[in-house]
Amino acid sequence: MTGNKTGTKVRSEREHMKKALDLISVLLLAAGAVYYLGGSFSGLAALSSGAALYLFNIYYFQGKEKTLSAVKKYLSRLIVPLIGIAAAVVSGAVIMLLTGYDPIESYTALFYGGFVKNWYVAVLNATPLIFTGLSIAFAFKAGLFNIGAEGQYYIGAMAGAWLGFKLELPPLIAIILVYAAGSFLASLWNFIPALLKVKTGAHEVITTMMFAHIARYLSPIFIRAFGGDPATSTHPYVTWELPESSWLLSFKSFIPDANYRLHTGILIAVAAAFFVSYVLENTKTGFEIKAVGFNKEAARVQGISVGKNIFIAMMFAGALAGMAGITQVLGLDHKLFENLQAGYGWNGISVALLASNNPVGVIFTSLLWGALDAGGQYMARTTHTPNSIVEIIKGIMLFLIVAKYIYIYAARLIKKKKGGGSV
Amino acid sequence: MSFLMFLNTDLLVATVRLSTPITLAALGATVCERAGVVNIAMEGIMIIGAFFAAVTAFYTGNPWLGLASGVLAGGIYSLIHAAAAISLHLDHVVSGAVLNILAFGITRYLMVLFFGHPGTSDAIPSFLGDYQFAVPLLSKIPVLGPVFFNQTPIIYISFILVIFLAWFLKHTRTGLHIRAAGEHPLALETIGVSVYKIKYLAVFISGLASGLAGAYLSIENNVSFTEGMTNGKGFIALAAMISGGWSAAGSFLSALFFGFADALQIRFQVFRIFHVPEELFIIFPYAATIIAVAGFVRRSRPPKADGVDFIIEKENE
Amino acid sequence: MKKGIRLAVLIIAAAMMLSVASCKKEEKKAEEKKLLASMATDVGGLGDKSFNDGANQGLELVKEKLGADVKVVESKQQTDYVPNLIGLAEDGSDIVFAVGFLMEQAVKEAAKNNPDTKFAGIDIWAGDGDPSNFMGILYKEHESGYLAGVVAGMMTKEYASASPKFNDKNVVGVVLGMFIPPVEKFEVGFIQGVKSVNPDCKVLSVTTGSFVDQAKGKEAALAMIEQGADIVFQVAGLTGLGVIQACKEKGVAAIGVDVDQSAVAPDTVLTSAVKQIPRTVYLAVEAVKNNTFTGGTKVYGIEDDATGISPFHEFESVVPQAVKDKVAQVTADMKAGKIKIETTRAALGM
């Protein structure tokens, strides 16, 4: 009896201990992520120690085998992307060699520029991409192809600028309201495509794409209406500056070393990714949307309203892509530019697919894309290699990472050879 | 100038010119999707076709060789899509997106290698627009004559292709096989036809057609290649194919509709009928497409097995 | 258990030290070097046959005449502007050019953060509050447009008999890429130029919405030619190549933009409304070399030979002396400040 009691006591103590350590590791990971995304590499230390603590926790409380299996689990997820990246890098090197550029010099510049020197640019590039990637990934989950995310991006940007001008409120409230109302307006941009999809079956690829073109050409009209003060500039191609109350907090305000342009929009993007992940995995709506995306007929048989869920998915996707535009305006530019080639909607397709539509995965693929773009610029500046090679490497990478069957074939081939040898 | 002066034959001729690249790419996409392979890569294939057509025409001085190489380049490039989507069982949309990304990188990279500068290629010495010819007698028919029977080579090819593909898909053995591959691939396989081969063929045809669309832009309509000259036409073709109900004739009509709206939009600007920002004119064809899709297009159905991965595990391999 | 915690702390400490050690500060190289002039393009990139190419030509000129090193980097998206400009400054550039009005904010930021480097912005305005190491360079595009308009206005009516390219409809056209300020100034100037010599002339105008869509440019020009336009002015970047092609096919005349585009189609391009970006880039670099660089806005116009029209080349014999005299006279009047040219459509009541 007494022995049993002490046993319980010890166990509960161990439980507390485990929970506390878990909490510390999560906090370390979160703080590390914030600092790392803020451009401070001390964040990496916190990240890696958080991860180490997490593993140590498993080791200490659950034993060696569990640790190994956890490590294996994460590594096995990483193995295909890493092989894909490596193979793309090698193919890029071959192309460079064939066309007379130095691959080692180029890659040193590419990776140093993207992940170290101009890491903050990578984060800036990734911020809108995460939102549009999420938008596209979410629609894909419902079996929809939101090819017009670009348009919702423009609407979000316009709505963000417009509300930023109109709402004269204290900082935090202004930002929250702009996000709420702006993403609502952007989701409204998908209202007609959603309605047509449900009522007449008009394909969303047609309607959202046409709406994207429309939104894109509405932006110069908007800019002319809200800018071009000849007293400050001779060029009315850009709106007035937003009042500071609607600017997003910059990292510099709490990390002194951070680049002054780097804003906390990336944190909102990351939070949005976890939110989308939560919605898809843990809510009824998420379940229904996935069911509709997986098989409409089966979903209908189960009593799930296909129309309603398609509608929800389209509107939500519109809101997410709109947030990309809002974040860009409130965080980075503080005004709306005549953005001749935004392209975030199109690139969002790549990052969503690269992450196989996994919302949390979109964060990493966007950062990778952002870093490659930032590094490509650095490479083009410091070496003679043209940065269009980066586009080619990106394409090959996407191809090799998503084409899992390559690895299955490769595995089979190896097996066959081995089998052949023994006979 | 009278108000409705722009409603003339020239408007219709312009319509045909503007819709030809869309028609060709949409025709290709129709064949591809009929075989059950989703294709969103027309934009990328077009730009590859346009580039190689211009390069060949530039170096050989012969636009016909340019035409052939543009078409072939499109076909070969599309085989990547076939290999990825059919053999490697990659999601079709993913593979298409990859092709689009790659195409812009490749052409920009090669542009510097071939011409020493990015942006636009040097002008080709002779182009297919020189080979405009009027079909005797038929071109004398009022309205229809100049629109359909006094055109340049690729435009004629596009007319022929519409008729040919409509017939081909319905009445030939291979056409039936292509459609079966998109509807009931398993049934096709059981009667001893290789679904993989049929799908490869369909993707290849779509690549040829999109390559032709690209060649039209760079060596028939114009005399040089410009980066990004497709300007979204491949995606408009996707929309045309879908709103055309996955059929050759439907794709053609939808493409014509878009071309018509675009030609009309330009004339609205020339005549400056309304005093509004020009961007509203530019928007017109897109808005018109939405209205047309909302109002007139009945619920159309893609092929049953469109985009569905088809895996045959062969035994005793 | 205590052992466990100690271990955890140790791991954290080790990881932190590792990452701190890996964060080395960069060392700037201070080598002796030649004058280095560099530029960052906007998202249009090189090969735009417009301001990016123009600035690049300016750097070529600098390389050739001043023996300086030059460096060009192309921006792919808006977030690239600041790092590219600052990066070029860190590479040891003596002057960094930001090309295109989209880079206004970026170049001013870069200038503020790199006070030892000179910056210049093509098509960018510099105000009182802007850093003194930044020079904004603007052009009076409307002057070039005006002169082109004078030629077009006279050729399409009075001297239409000079060549079979011209007809008696008294219509000319302008094809615009996107409706942005430099484009607007060219167009508005052109319209005023035409009207100044030929008040009844009809000036058609189409905006294509793109700077790269040749097919669209061609259709826009063809639609104008259908309505009797015999001279089409293109202000549309690469889209404009389609405009020139349309004019060539239909046997009418075209007017090029930004640079002398006669080489594109010598038998079609009547003249070009030029903007001498190369020359102004050269002047800015020369000022740096001679230590005479000053901040503020430099507006280049006809008096600096920075705006105007290109030679007539193959049309030299077609264009009558009266037109050439008129151009010379208008040029002189402009230099003397006798001609007031509006720069916006709003001012024309359009």
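Note that the chains take the letters A, B and C in the order they are written out, and that residue 1 is the start of every chain.
The rule is short, and it goes like this: a contact is a pair of C-beta atoms (placed from the backbone, for glycine too) under 8 Å apart; a residue touches a chain by one contact, two chains touch by 3 or more.
If you're wondering where the values come from, they're calculated on a predicted model, not measured in any experiment.
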| item | value |
| --- | --- |
| Maximum centroid distance from chain A, chain identifier (CA atoms) | C |
| Pair exhibiting more inter-chain C-beta contacts, A-B or B-C | A-B |
| Inter-chain centre distance, chain A versus chain C - centres from mean C-alpha coordinates, in Å | 35 |
| Distance between chain centroids, defined by C-alpha means - chain B, chain C (Å) | 34 |
| Residues of chain B engaged with two or more neighbouring chains | 118, 277, 279, 282 |
| Shared-contact residues (touching 2 or more other chains) in chain A | 217, 220 |
| Shared interface positions of chain C, touching two or more other chains | 74, 179, 209 |
| Of all residues in chain C, those that touch chain B in their complex | 45-49, 53, 74, 173, 176, 179, 204-210, 212-216, 218-220, 222-224, 226-227, 238, 241-242, 245, 249, 264-265 |
| Complex contact set, residues of chain A against chain B | 95, 99, 145, 147, 192, 196, 200-203, 205-207, 209-211, 213-214, 217-218, 220-221, 224, 346, 349-350, 353, 386, 388-392, 394-396, 398-399, 402-403, 405-406, 409 |
| Of all residues in chain B, those that touch chain C in their complex | 1, 5-6, 8, 10, 14, 17-18, 21, 111, 117-120, 123, 129, 217, 221-224, 226-229, 231, 262-263, 266-267, 269-270, 272, 277-279, 281-282 |
| Partner chain A, residues of chain C touching it in the complex | 1, 4, 7-8, 11-12, 15-20, 22-23, 26, 42-44, 71, 73-80, 82-84, 87-88, 91, 101-102, 104-105, 109, 123-125, 127, 138, 178-181, 209, 211 |
| Residues of chain B touching chain A in the complex | 40, 84, 87-91, 93-95, 97-102, 104-106, 108-109, 112-113, 118, 232, 235-236, 238-239, 242-243, 277, 279-280, 282-283, 286-287, 289-290, 293-294, 297-300 |
